[in-house]
Amino acid sequence: MPAVHVINGPNLNLLGAREPAIYGGATLDDIKATLVERCAAAGVDLIFRQSNNEGDLVGWIQEAGRAKAPVILNAGALTHTSIAIHDAIKGSAANVIEVHLSNVYARESFRHHSFISPLARGVIVGFGPLSYLLAFEALFPAETRKT
Amino acid sequence: MPAVHVINGPNLNLLGAREPAIYGGATLDDIKATLVERCAAAGVDLIFRQSNNEGDLVGWIQEAGRAKAPVILNAGALTHTSIAIHDAIKGSAANVIEVHLSNVYARESFRHHSFISPLARGVIVGFGPLSYLLAFEALFPAETRKT
Amino acid sequence: MPAVHVINGPNLNLLGAREPAIYGGATLDDIKATLVERCAAAGVDLIFRQSNNEGDLVGWIQEAGRAKAPVILNAGALTHTSIAIHDAIKGSAANVIEVHLSNVYARESFRHHSFISPLARGVIVGFGPLSYLLAFEALFPAETRKT
Amino acid sequence: MPAVHVINGPNLNLLGAREPAIYGGATLDDIKATLVERCAAAGVDLIFRQSNNEGDLVGWIQEAGRAKAPVILNAGALTHTSIAIHDAIKGSAANVIEVHLSNVYARESFRHHSFISPLARGVIVGFGPLSYLLAFEALFPAETRKT
Amino acid sequence: MPAVHVINGPNLNLLGAREPAIYGGATLDDIKATLVERCAAAGVDLIFRQSNNEGDLVGWIQEAGRAKAPVILNAGALTHTSIAIHDAIKGSAANVIEVHLSNVYARESFRHHSFISPLARGVIVGFGPLSYLLAFEALFPAETRKT
Amino acid sequence: MPAVHVINGPNLNLLGAREPAIYGGATLDDIKATLVERCAAAGVDLIFRQSNNEGDLVGWIQEAGRAKAPVILNAGALTHTSIAIHDAIKGSAANVIEVHLSNVYARESFRHHSFISPLARGVIVGFGPLSYLLAFEALFPAETRKT
Amino acid sequence: MPAVHVINGPNLNLLGAREPAIYGGATLDDIKATLVERCAAAGVDLIFRQSNNEGDLVGWIQEAGRAKAPVILNAGALTHTSIAIHDAIKGSAANVIEVHLSNVYARESFRHHSFISPLARGVIVGFGPLSYLLAFEALFPAETRKT
Amino acid sequence: MPAVHVINGPNLNLLGAREPAIYGGATLDDIKATLVERCAAAGVDLIFRQSNNEGDLVGWIQEAGRAKAPVILNAGALTHTSIAIHDAIKGSAANVIEVHLSNVYARESFRHHSFISPLARGVIVGFGPLSYLLAFEALFPAETRKT
Amino acid sequence: MPAVHVINGPNLNLLGAREPAIYGGATLDDIKATLVERCAAAGVDLIFRQSNNEGDLVGWIQEAGRAKAPVILNAGALTHTSIAIHDAIKGSAANVIEVHLSNVYARESFRHHSFISPLARGVIVGFGPLSYLLAFEALFPAETRKT
Amino acid sequence: MPAVHVINGPNLNLLGAREPAIYGGATLDDIKATLVERCAAAGVDLIFRQSNNEGDLVGWIQEAGRAKAPVILNAGALTHTSIAIHDAIKGSAANVIEVHLSNVYARESFRHHSFISPLARGVIVGFGPLSYLLAFEALFPAETRKT
Amino acid sequence: MPAVHVINGPNLNLLGAREPAIYGGATLDDIKATLVERCAAAGVDLIFRQSNNEGDLVGWIQEAGRAKAPVILNAGALTHTSIAIHDAIKGSAANVIEVHLSNVYARESFRHHSFISPLARGVIVGFGPLSYLLAFEALFPAETRKT
Amino acid sequence: MPAVHVINGPNLNLLGAREPAIYGGATLDDIKATLVERCAAAGVDLIFRQSNNEGDLVGWIQEAGRAKAPVILNAGALTHTSIAIHDAIKGSAANVIEVHLSNVYARESFRHHSFISPLARGVIVGFGPLSYLLAFEALFPAETRKT
């Protein structure tokens, strides 16, 4: 079973420090820690990465696509501007769940369009760190794990 | 603890029969059955409704708001056109999670805007019937339930 | 052979009284009477309804779709605003001919777009009550009936 | 002399409870009570209604139009989306004064357009419950009443 | 009684060969043959023309206008671009019924606007060759012909 | 108690002469006369001005703002173009009721947007000279005056 | 001295018959007759043409450009749609005065843009047949002619 | 016979000095001098004015309208922004010919729309000072003057 | 092997004379001469045409489509406006390479959209006469010819 | 050496009183005082003006242009609406530095476009009164002054 | 003679694997191999690069510009979003031919605009790997190479 | 006191070589040299960087934000496209002054919008290298430095 790839885009390294009123106090390491635990329980490997570079995200998505591994993708600001990420998903047939911590639809209008959503298996928005866990749940539903 | 209100809008009664390529073969009763089970396990009541009438949805959201009950809302086509539902959520301070079965962002452009999203606690799109379960999970995270 | 469903939307009950310069002096009952006669001649049943409620139209279209019955649909103002009716047609695979009494393209620009047209078998606009008869003719061409 | 029809749209039943910072603390019953008093003083009957259903509003406007009765109309959210209400006013030649409690022009841009305004005798916006009284005053100017 | 002018625009000479999935297998000659028959039965003359030149269509519409003859007009692609044809109809006060074989509203957005529709007596769209016959029916209703 | 400032913009000096079909036959002096009477009855002073100059209106609004005096403002055409008037209201915290004689929403689309409305306490549109009186009523409700 | 080329586009052959309320009762021959007279007085030749075909206008403009002859151009409806005419003027460096009989700016919005105006020496709009004479005057000012 | 009113808007006092590549070397006084001469020849009075103030133009147009005097109006930049001038023309029923020295359609797009054109008797653009003379010619055609 | 059809639209007959700064000094005959030579070398026939009439281009494209012959198409200004040419390509399944001499993307925005491009096998823009030769190369790659 | 012209538009006279949260507590006189000091130190004269009238600003910019004097221009609300000021700068070739106290790009979208910026030597936005001093610095860099 | 720089943007490393229905089965190495051969035959060096990073492309274009070397640029998704690449071309005066494998004009509308095209010497779109060879041909026409 | 961070985006390394007509002849090193001198005089450290990579800029802004150091930011082309930079400023609460060498408002419309401006303390545009010095001046006003 291929590892779950969790890919985080620009400024997500600021989490915790960054605008806690919007994003909450949890850091990206906190989110990683919870996912590590979940993955251990589910018996799957985890690859957890963050970059401020579009090119890194493009490469990591291609890598996951080649590995036929599921992707939980929070591309941050690049969600709204990057056709290159769109093409990486399409070109590598990556299986992507798009997540966002904040409710992007309640914020500036330039955050309302996503180049990722039309290619995603599903989209989960606005639950804070829980968004990642719900995406994990979508990949490995509790029922399945129990058995 | 107030009951979970699951409110479904126009044409969701067609589920199963309706465009299975987009919506899958599960019926609305199937979804209800799974949620009944989940609610029983979590020890919460469930109010599960569907209507083709905007006015019914407005009233049910007001009712949930008054009861301070969480709402899982799939308003169907009204998602994109109903300011009345927007006002019902805002006016009754309802705690709403917006769900959609299909990936609305991969469909016609008139399905890309939602009058509900900016007021929702979170949005879950594209997972089929699993969308409802993830919303339930968001309301009652597994960890919490276990304890 | 399933009955022909003729479904009329908001304010069509005003016909005759309503803006005769635009809509002519015939009432909805006059239109029904002519269609009753035509249906009798063609040996098909007629279900003729009007409502000011979007939900009623959604339900009636679903009903016709389930019955695999042809629909002559004049959704009035809802033509231009109702995605729910669009979804009812699509979801129930209803066989719909869209009609309008007045020439909507010669009126306000908000009447120029129809959520029904892209799903209709055909569209007939601007002939007054004759629009309904032409739609009936399209369903049961004279040649066919003669034989 | 025909009764004054006061017609209220979706969510106005929430008044008082709903967003008091925007709408004030008065309930719809409070507004009705004041109008009852005014009507008594002016010697006219009052028909005061509220519904969350577009179809109800369409029907009530038609009814007022047939009765040649003046209408004070606060269609709430439907103001901005309902061509059916537009057509009801036009088709029944109803004599409508449009009112709003809050200053819709100071709120979201989707509240800036009204399908009712172009057909209204006049528009009164932003005075809270006083909006209804000013509309009444417009129908029955104080001078007239005194004599 | 003036002849019926049936005027066809660019590429309608391709009918039958052209995109049969959209336009069906009938040729323009097949359509003409059916209309010839109908006209004979109704006792009216038929002028049936096709051109790929905007100028020809402008001239033929002027000619029909001068003759006070009814026009069944399928201007093809020029429907969406030709103000000259719009002006020919308006300037010669031609009595035009606009027809289209395919459902233009289900195709590219540049086919959704027509410069002809606002000036047409009526518009019939999407019935294949039957569109022409329905237009003929609109000009000479069956009832009339029987007597 | 500060005086009521009634401020009129460009071309309102034409009233009576100007397009009586739209504006009625009353002159600006007639309106002033009625307000003089009302103010006398209510025991408040009246400052009634008209100018064709944007700068004058800006200055008068600043003056009213400084005096903490209520303003009845009919800025005429400047309503739709003057950010300077917008800023005068905002900058001087003037208490403004916006009035229009004609129903601007039933006229050209360039009259549908107002730079004043979002800053006004309320907006009264379409009642002819009565618009001013209703604004006065809004400032000094009849009940209050009686006592 | 090269001849003056007066080039008229689609439907100008209808002049006199066509919408006299907009275009007046003069025919294109009347306009030609007046210009013949003026040209004779000024001692210049006149080439006066009309066509409903864009290609003819393109060719005639090229011809005038090659001859370095001044052009009075009323391209009718093609004014608003023909980039080919734009290119003919630009490519042949034709010296063009654009004229219109009616006030195009007071008509439908699709008549407000001209592909000719940016390349014209000047534009004269709305004076009926006088528009042509003013264009002639612009080419041969009266002062000049007198001497 | 009322005087001809020639009204010039902002920055036309710069003529001659201002961007001679666009506007030529003639000053506003030069233009006035030529018109004085023409008026003398035609036996009409001339009122020739310039202002940088919108309010002045509004007043002068009202004055001309009251006097039923023809207006040659070059409103300069206000052409594109002033609804007040639009209203002055409409409200005083002024008989206006709009002129521009430069070809506004060959310049920035914000100069392509005029609030004056739809109300003007005619529009003359791009002939430099000759634009004024052609407007005069339109008011007093040479033929008329000769007799 | 069917002949190569090279089809040229409006104003391409001006080449050489027309705006040499943009289009270079070569004439259309020069381009034809080079292609004649290339075709001879490749052993294919050449049909080389130019017209200012949209209808001619529509007919020639239909002809090439019927002959299953490759088309090198420079539709000039009609590229941007002609849905009729779009339909001719689609309806006759013509195999079209779109070429332009100048870099249309570096010119006016109305030259940036092409109704031909979405249906073309490929698009070659901006190389002057070389554009035609590259298109020929695309049809008959050098490698192939050598063998 | 010509004097520095500092020109202030509508409502800047409110400074200090006006929205201190946005504009700070300094008055226009305070700004003038600081500039007087700077000018004295730099040995240049200062002309410091404010008006609520567009016409005044147009005239003052023309005056500065004629004097070849540098202009520090804060046109306030007219920045966003006045083509007349744009033309005054262009027509008089004035050397303008545009300044704003508040960060206009962080405010309403109608403040994001400036008719002045494209003609300015430079633009300085958002530094409060310091904006004026930085503009002065740009005209007379400290290094220069020291020497 | 400077080397030919062939610069490939994001996801072109996926070629062959990526969406073969759109891009064909050739890999980027296949394309490179063919170009190596062509360059050898033409006696020019080849620099062939690919990156998923916008910054790399900016740098390589600058490098080619400094070397006065011709560039064949397929910027992939960055074509449509990168002003930085636009500026690199403009700032280094690079001689760029833009190529695309697929017909971008037949795909999503966000692929129809290119920030590169207006600065390119020419654009070649839709010929698969042949697009690169045609670009090479444009740089080194066969005729030239033969001699 | 934290160092001043001067951060330069894509293509600013080309300065001096790049389009001197727009950007002048100074190189980025020249600008750095001047700032080094100023910083020495003011007693603050300077961190001066340039990159063509969005990710680098994001990281450097985060770094400055963490250090609570003031930022002079010329993001070049990324100004107009990078929401990631916007988020870096917002997320790290960086104190940013936005500068541009050229007057972006006098250039292509895609340079008129900045994702940085709404978050900047101030914006300085169009003064060439002086823009950086004015930004420095804004951070350390001369008065302050003197003392």
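Residue numbering begins at 1 within each chain, and the chains themselves are lettered A, B, C, D, E, F, G, H, I, J, K and L in the order written.
The working rule: contacts are C-beta pairs under 8 Å (C-beta built on N, C-alpha and C of every residue); 3 or more make two chains touch, one makes a residue touch a chain.
No experiment lies behind these values; they were computed from the predicted model shown.
Counted as hops between touching chains, the shortest connection from chain H to chain I is 2. Within the contact network of the assembly, the step distance from chain E to chain I comes to 1. When the contact pairs of E-I are set against those of K-L, C-E or D-F, over half line up by residue number only for K-L. Spacing of chain B relative to chain I, judged by their CA centroids, is 55 angstrom. The centroid of the Cα atoms in chain E and the matching centroid in chain H are 48 Å apart. As a whole-number value, the distance joining the C-alpha centres of chain C and chain J reads 64 Å. Across the assembly, chain J contributes 53-56, 81 as residues in contact with two or more other chains.
Contact between chains, using the touch rule, shows up for A-B, A-K, A-L, B-C, B-D, C-D, C-E, D-F, E-G, E-I, F-H, F-J, G-H, G-I, H-J, I-K, J-L, K-L. Note for the complex: chain L touches chain J at residues 103, 105-106, 112-114, 117-127, 130-131, 133-134, 137-138, 141-142. Chain J meets chain F in the complex at residues 9-11, 13-14, 17-19, 51-56, 76-78, 80-81, 110-111.
Of all residues in chain D, only 53-55, 58-59, 62, 81-84, 86-88, 90-92, 115 touch chain C in the complex they form.
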